[in-house]
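Chain nomenclature is as follows: A, B and C, assigned in order of appearance, with residue numbering initiated at 1 for each chain independently.
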Amino acid sequence: MSRVYSLYSTSVGKKFTMAVSGAIFVLFVIVHMFGNLKVYLGPEAFNHYAEGLRGFGEPFLGHEWFLWAFRAGLIAALLIHVLAAWQTSRQSWAARGHKYRKRDNLVFHYASRTMRWGGVALFLFIVYHILHLTTGTLHPDFVPGDAYHNFVTGFRSVPVVVIYSVAMIALGLHLYHGTWSAFQTMGVDGPRINRWREPIALGVALIVVLVNLSFPVAVYTGIIH
Amino acid sequence: MRLKLHVWRQASPSDRGGFATYEAEASEHMSFLEMLDVVNEELESKGQEPIAFDSDCREGICGTCGMVINGRPHGPWKRTTVCQLHMREYSDGDEIWIEPWRADGFPIQKDLIVDRSAFDRIVAAGGYISVRTGSAPEANAIPVAREKAEKAMDAAACIGCGACVAACPNASAMLFTSAKAAHLNLLPQGQPERHGRVLNMILTMEAEQFGTCTNHGACENACPKEIKIEVIAMLNRDYLRALLKAG
Amino acid sequence: MELRSKVPSGPIDQKWTRHKFEMKLVNPANKRKYSVIVVGSGLAGASASATLAELGYQVTCFTYHDSPRRAHSIAAQGGINAAKNYQGDGDSIFRLFYDTVKGGDFRAREANVYRLAEVSNEIIDQCVAQGIPFAREYGGLLANRSFGGAQVSRTFYARGQTGQQLLLGAYQALMKEVQRGQVKLCNQHEMLDVIVVDGQARGIVTRNLVTGAIDAHLADAVVLGTGGYSNAFYLSTNAMYCNVTAAWRAYRRGAGFANPCYTQIHPTCIPVSGDYQSKLTLMSESLRNDGRIWVSKKADDDRAPGDIPEDERDYYLERMYPAFGNLVPRDLASRRAKDMCDQGKGVGETKLGVYLDFEDAIERLGADVIEARYGNLFEMYERITGEDPYRVPMRIYPAPHYTMGGLWVDYNLMTTVPGLYAIGEANFSDHGANRLGASALMQGVADGYFVLPYTIADFLARAALEPVPEDHPEVSRTLEDVRSRIDRLLALKGDRTVNSFHKELGRLVWDYCGMARNASGLKEALERIPELRQEFWENATVVGEGESINQTLERAGRVADFLELSEVMCLDALIREESCGGHFREEHQTPEGEAKRDDEHFTHVTVWEFTGPDSPPREHREPLEFEYVPPTQRSYK
């Protein structure tokens, strides 16, 4: 415990927990994206996949046990990620009490400048996304158990498509710098790895954003109906 | 050429400070600091206080000089400290904003002079190899692979000017701290104290009002000695290892 | 003033060992009872502070910089010599000793030089253990290069930043001791006087450069590692803050000043570009390995270098010194460049420069080889001048670089004031009339790590010092002297800036006491310097107040001291009626224009004693004897 505490007591340690929790989310959005691709296979395949998530691990585990454990893990990761982000941001804001009058941008990626507010936007989006497609609270025509229906009808409204598109761009920026950054923070570094860090980060971000954006576009253009 | 300078003036650490505007006449062969020297000569001969700024070797090696010019630490030239920036960069009528390093870890002492003693304290915490004078073994008894020596030298090229902190959107001192740690941690001589060095240097850095590293890379772009943020990754890794060992 | 060199007896290779044995030691438990003040945190000061602290003494280290790491040792480029003989090319301690004595034109003390060569090997061991990233061979062993015309490869180097790396090693050792509480570090403090009680140096007075506070600090011994005085020339390769104040204040308290006229002019610097010039930049001497130096055969030739055909170029060093060509020693290369400019053959807008041309080397070796060798130097040159040396020949001109003269010290590095030591460039001891390349770092580190920590113990063990109370009349008097001098400076409200005085002084010293000197010029300077000094104290202007950072005030104090030192410098140059090393008197040259020593009358160190502000200094002499290296005339034909 004391090791965890001393790790977390420094900003370097906090960044490490952010990298690890962030990496969990990177894997999650990739898995999530792959699952969603099933929507192209039609209602049956997609609903079967959604049901499969609930029943994952049965009969060894009870119904939805795995799903809830998975959600608990994600929530824990999110809390750690947000807490560390909040604390390190406060430390950094305090470190420059007086701002520059003129500022020239020297950062590597524009994406790194958007991490904080992009992160806040993503957090709000996650809340909306859950209320929209998981609980159905913000869904105009939610049918519990019919994930395909909820998916397709959910994307028939222009404002929703706009919200999702903006959110995906934010996600892309966050993923791009986050993935690249996680290598750096975890000290995964070396001449050979460094050559791949940038392409991996860019690849993950582009693929996730493009595939995820394809869903509302496909619904909207009637490819999926 | 005639220039308009907006220079940060602050009489003392507690003074609020503000920009003052000066007209400067410069030749393209002057260095930037010589241009300021000329402004100061004029101020002095009018009985006004000259702009206080620090500079010593004016060869880009001592790390004494440093100011933010139009938002860039050490001005616009790559691999160049402000003392080697020359006025041919500018043309007649240009307006130039000159500010001190801004970071709470570097309190302003006067005008463009800041107190960088935090860097000394970080080095004192572990940025050394303990060798009692006279106790060293024969120099060639410790072979060092050439690539290692070269990499250590890349990191050791740091001049401690503080441009990394000034450029960092978070005012973090990670590049400086990592460069010193990497120089010593890369060499066989540095191994016995490696873990303690890393832990102590990081703890001291944390105690000094600096911000956190969020991998922006601005430090690398601003560094006049082109120290790469690879050294930060190395420090991160060393920190985890040290914690695992230390318990 | 009594000059007792205290050189131990016995054969030269046993003097230091025997001396170390004969000196008294301080019991380990008693060391903490002794306090030592070290002024300066360059190579000599930082290494001495760290070593004394490791031994257990209570050390306080003062520097006017914001960090000890900024000291000017950091700017040394080329390397550090040691007699390791790793290349198996016939080097030895004796050869390094021999070369240094000869290079110094037979004006250094043999025993000191031998000791320097002797400890040179320990220096490399120490520095490597500290983690200094010296250049390596592929097998992992240390690399060497030949430097400054030496016939063996004995120079260790860390790219072109050897001084930086050695200084950082010493700085890190110092900071380690600061952390342990053994060294109290006082940044941004300038030493302004020495406190002498009952004839012994017992402390210093400093000004806190941030708050302006004037304080006395007491100790059992005071060590000055405060560098050289090249900035007397105003334009030099020294850093902006380098000054003579600490050494000069010590001189005024009774420390003899030795050989002030021995100054070194480095041949390869970037020429002055205009009146606003604040300092000069050195380009490593290694450039002369491949570059060819030339001027036009015609005076006042305004053609671009590329338009001057081969047969109208004068490669004057190759012509005059066929054996050594462009690699003649520093003083010769410098003087010949000056001759060319005096004949109106200088190049560039100011006509104060000669070409250093790489065209042939690029043709012979290819641009990439030249880039690998000198890439960073070429880049620096282009940054400063805006000219690309791959296409246009470089312009170079000599510039003051190092001062061999300094506070007189005995074999133990103690000045003529008991308890006051001088180390590194601040003393006069090892380089004679001319310093060889890569020897400055060697001497600074040798003094700080390996000599002073031994010799100071002997003094402390024997001195039986009583503690000095803080309100001792001498302490109060010294404080008062410093305060009244600062008040006097602050009261200056004339018409001329301090800088304009420094510039004028520099011009005078450069013209009359620079690369070539003659009696009438020196006499002229000796008339004009006191006038300028008087004008300074009447007509300079110092703005601002004393209670905060005031860079004008700092500069004013330093310039005032340069105004005194340069007079003694010229006096020293005037009475040394010979040419030796960096001191070239036009009246004393061979028909071919080479330096002519007068061993019969001048085989001695000239030491100046302060006799009062308005009376001329008194001359003393320490005779030199050459038992092991018989004096010969240097020849590079």
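Everything that follows uses one rule, which is that a residue touches a chain if its C-beta (ideal position, glycine included) is under 8 Å from a C-beta of that chain, and two chains touch if they have at least 3 such contacts.
Just so it is clear, the model here is predicted, and its values are computed rather than measured.
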By Cα centroid distance, the chain farthest from subunit B is A
Which chain is the middle one, judged by CA centres? B
Does A-B or B-C have more contacting C-beta pairs? B-C
Taking each chain's centre as its mean C-alpha position, how far apart are subunit A and subunit C in Å? 62
Averaged-CA centre spacing for the pair subunit B and subunit A, given as whole angstrom: 37
Can you work out the whole-Å distance between the CA centroids of subunit B and subunit C? 27
Flagged in subunit C as touching 2+ other chains are none
Interface residues, subunit B side, partner subunit A - complex: 6, 19, 68, 70-72, 97, 99, 102-105, 167, 169-172, 174, 202-203, 206, 209-218, 220-222, 229-230, 232-240, 243-244, 246-247
Residues of subunit B defined as touching subunit C within the complex: 11-12, 27-31, 33-35, 37-38, 41, 43-45, 47-50, 52, 54-64, 77, 79-80, 84, 86, 88, 109-110, 113, 115-117, 119-120, 123-125, 127-140, 142-146, 149-150, 152-153, 156-157, 159-160, 183-184, 187, 189-190
Listed in rising order, subunit C residues that touch subunit B in their complex are 47, 50-51, 54, 65-72, 74-75, 84, 86, 122, 124-131, 133-142, 158-159, 161, 164-165, 168, 171-173, 175-176, 178-179, 185, 187, 210, 239-241, 273-274, 276-279, 281-282, 379-380, 383-384, 386, 449-450, 453, 493, 495-500, 541, 543-544, 548-549, 551-552
Per the touch rule above, subunit A residues touching subunit B in the complex are 2-3, 6-7, 9-16, 88-89, 91-109, 112-113, 115, 177, 180-181, 183-189, 194
